[in-house]
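Read from first to last, the chains carry the letters A, B, C and D; within each, the first residue is number 1.
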Amino acid sequence: MNPQHIDEKRLVKRLPARPLDSHKGLFGKVVVIGGASGMAGAALLTARAALKSGAGSVHVVLLAGNPPAVDFLQPELMLHDAESPLPPATVRVIGCGMGCDAVARNLLQDSLQSQIALVLDADALNLIALHAELRELLAQRSAPSVLTPHPGEAARLLACSTADIQSNRMASVQELAKIFACTVLLKGAGSLCATQDGVFINTTGNPGMSGPGMGDVLSGIIAAFIAQGLNTDDATLLAVSLHGAAGDALAKQRIAIGMTASELTDQTRRLLNQWRSI
Amino acid sequence: MNPQHIDEKRLVKRLPARPLDSHKGLFGKVVVIGGASGMAGAALLTARAALKSGAGSVHVVLLAGNPPAVDFLQPELMLHDAESPLPPATVRVIGCGMGCDAVARNLLQDSLQSQIALVLDADALNLIALHAELRELLAQRSAPSVLTPHPGEAARLLACSTADIQSNRMASVQELAKIFACTVLLKGAGSLCATQDGVFINTTGNPGMSGPGMGDVLSGIIAAFIAQGLNTDDATLLAVSLHGAAGDALAKQRIAIGMTASELTDQTRRLLNQWRSI
Amino acid sequence: MNPQHIDEKRLVKRLPARPLDSHKGLFGKVVVIGGASGMAGAALLTARAALKSGAGSVHVVLLAGNPPAVDFLQPELMLHDAESPLPPATVRVIGCGMGCDAVARNLLQDSLQSQIALVLDADALNLIALHAELRELLAQRSAPSVLTPHPGEAARLLACSTADIQSNRMASVQELAKIFACTVLLKGAGSLCATQDGVFINTTGNPGMSGPGMGDVLSGIIAAFIAQGLNTDDATLLAVSLHGAAGDALAKQRIAIGMTASELTDQTRRLLNQWRSI
Amino acid sequence: MNPQHIDEKRLVKRLPARPLDSHKGLFGKVVVIGGASGMAGAALLTARAALKSGAGSVHVVLLAGNPPAVDFLQPELMLHDAESPLPPATVRVIGCGMGCDAVARNLLQDSLQSQIALVLDADALNLIALHAELRELLAQRSAPSVLTPHPGEAARLLACSTADIQSNRMASVQELAKIFACTVLLKGAGSLCATQDGVFINTTGNPGMSGPGMGDVLSGIIAAFIAQGLNTDDATLLAVSLHGAAGDALAKQRIAIGMTASELTDQTRRLLNQWRSI
């Protein structure tokens, strides 16, 4: 069976209308957990993308030892170190640049045991691949989750090779969704998303998007959409389509070589508002 | 009795003309107090807005444990930690991301006991709701103050529910103004401002402004106008009208989803100079 | 005798032509000394202005206790703490946000005793007003110096009131030049500059420039011109004229209220290159 | 024999096409080593240039004592202190603002002994000039290296004067290439590049590029091209031509005085994508 195409025009309408008496409380709280030493930037990329995709508020829990007190470019973000109590959340994005140490594992276990919606990316996926207990917790969760593995991470989760995944992308994404009972986005050219309504393929995006941080931005967009009330399937489908379309817009502006994730975030917002206003 | 409309064209003319031999001393000193751990950005948003709205100089006292030495985007701001002596001020904005611990409470008490004009926002309002002594100090102040509660903060101040406030916005803002004898801005769609000349309603603004930090920016604008010589009523009315109009301008540029407080600040300045030059 | 007008078109031509085999060593080394706790931004403003006005390289010695390792907006600047050995310099700008403590005083004394050209601003002037030994050192210096007092600083240097200065601006600037045997720029509307060729008045600038950091930027521009080979008189005259003209250009773009020193720096560069290419 | 001209149109085509299923792993890992105390910015300039020139991922190892956790302007970069284990690399750029202490020397020795391609700049060259063991290691390396000395560094490497180098640029670059058996770029007006196919001269560039950090940016571009699969000769020739052409584009926009390395990076990317798309 062929994967279905994403109908982004229908999905974007599912974002809630903003009533006249809106306030940020209506648009959810995103908590990003990640950014260990050397990788703090990854968590900021995720958080900035969540903010610019419409989340009501965005916290970042940084595992790095010397976390900055403020994001000078986006002081709207609230930065915490890993010892601070976790802020309440509508959705947590966990894994971006998180590393795989004991602190990371504890934060992941806490997240898996919570009733909070989760976007699981990068090192969260690596930890789940490593630890049977975490796999168990994920499979048993009743709250919704999204997994966003690239082929290498999918291979680790399924204990096979990346080549196995790439030659069986359709079957792989379905198996992951079945094992973990959640939305799964298998990234790569023609990203596949396994949802309750079957598998979808994304047709936006281009090779210019092969730079660092692109996946971090995608996780942030998914989280923002969940925070605004979309279910994990819709949030993931809309996000992956939008993310690729933003990359396509940048490629048209001749930023194919050296395209940065930071730029993608701004382009995403532009496009999201455009799609929404049609 | 219906609230009156704000005549922003008349108010903007009350900003003092800048004489040929102007110097920054003529436009007042704003001191922002807030920015506890995890929330340092809130205080920067307030301070940047005060700077861009014409304050002569802007200091920021950050309660966070590891405050940055400089705001790289706006090195014009002077950053201090909470142990430094408080700089002299024309007006203090207190509360943005301040938290409610003992240090915060002491700084608030010091401010309430001073003869300096105050803009009381966020955690300053929460502390006042919590502590009878602070309420007393506020009610007895002779120097001018502005309160800028959102409905939840107003409910805490009046010991009722947010729903009570929202169904009696007009009565609520008047009661707060009566109890505390100061300018009160009850935020939300159609913000109400209780002044010496009765209650005014703001008709600018839109649901796109439901992001984090929007209130921090508003406090900074009010403070800048007080620093430049407006009384608290005029400063608050002009600021709320301008702030909403800036949000409307951004919404027209299709930045409704993911609009940031940072952008609002720049748009505010653009509009302020436009209004002023008409 | 009336002050003369500045012929900026003639002065700009005195900036050295950049030969084909130029390298940064030809355009001098600026060392900015200042930026004590709470005021680190002032030194960055000066340094950025020096860089953008063509200095070959720019170091910043920050007196603040927790100086940043890098200026994220301008990583071209080299940041040092006050304990590091002072880098070699063509010209030092000393005083911007420096404070008046013992470390500041020692650095100033070291500078006055050196054979390095100096731009003395803000707290350097306050320290000189306070300490007879420093006044002595300044008066005896053989290497060139520029003083850039605003009226309050001039009053402290001449042990009179600001009103005295303002009612005798011409005499005041001449007296300072005579006492200290150097170029003196008395800031304020119609800045007066006492040079070897008599006193000049600047006719550019506008009241929108009454924000924080404007003087810091001016010091940086003067230093950059000295670094590139102009004598202190020419450097100061060209800088003050350019600085005001940049402010006038911003005012025309309707950024009169809330104009920032950061913007002035970029506008200065634009104008400098324009003047230079005519 | 006259040096040959660089055929940038042919070289740019050697950058690998980005296949549909591209991912960042295909475009190499750049590790920048440098940025000692006071000079952290130099390493960031190199790293940002590598990112914007298309490297798959970019790490920065900073020797400064208080390295920032994140580059706020480019959170895509991964920042490490000098005690962290060195990340795996396709190519290392070593030397930018690195200083010459024991830590620097050890990192250089480790790099010379590795099988990783190297771009050796600034203090790496100074250390090699100082230590016979390092010279030996460089001469014996089998993995490819690029040296990018300016005339002063070349003089130190050849134990002669800068004037000697400048009056014998052709012979100097050839001698360095012969001694060290690697690609050598002798910078300065008409940069000369000694390759396997003889010496090339670069005809782009202008005296406006005499600001700090320009060489750091160049090293980053070379490294990005090596990371993407070009050999060291092609990478260096394409980079130096592009770097100069970007400076020429900025000069046309009248940013000759005060041109910054940061701007050059963005202009480089614009031009690279343009050349590539022809």
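What we mean here is this: contacts are C-beta pairs under 8 Å (C-beta built on N, C-alpha and C of every residue); 3 or more make two chains touch, one makes a residue touch a chain.
All of these numbers come straight from a predicted model, not from anything done at the bench.
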Neighbouring chains shared between chain C and chain D, ordered by label: none
Separation of chain D from chain B in steps, with touching chains one step apart: 2
Same-site or different-site touching of chain B by its copy chain C, using the half cut: different
Inter-centroid spacing, chain B versus chain A (mean Cα positions, whole Å): 35
Rounded Å distance between chain A and chain C, as computed from the means of their C-alpha atoms: 49
Per-residue multi-chain contacts in chain C, two or more chains: 68, 71-73
Pairs of chains, among all present, that meet the touch criterion: A-B, A-D, B-C, C-D
Complex contact set, residues of chain D against chain A: 15, 18-24, 26-27, 51-54, 56-59, 68-80, 84, 87, 224, 269-270, 272-274, 276-277
Residue ranges of chain C touching chain B (in the complex, touch as defined): 35, 37-42, 44-45, 48, 62, 64-68, 71-73, 97, 150, 166, 188-189, 207-214, 254-258, 260-262
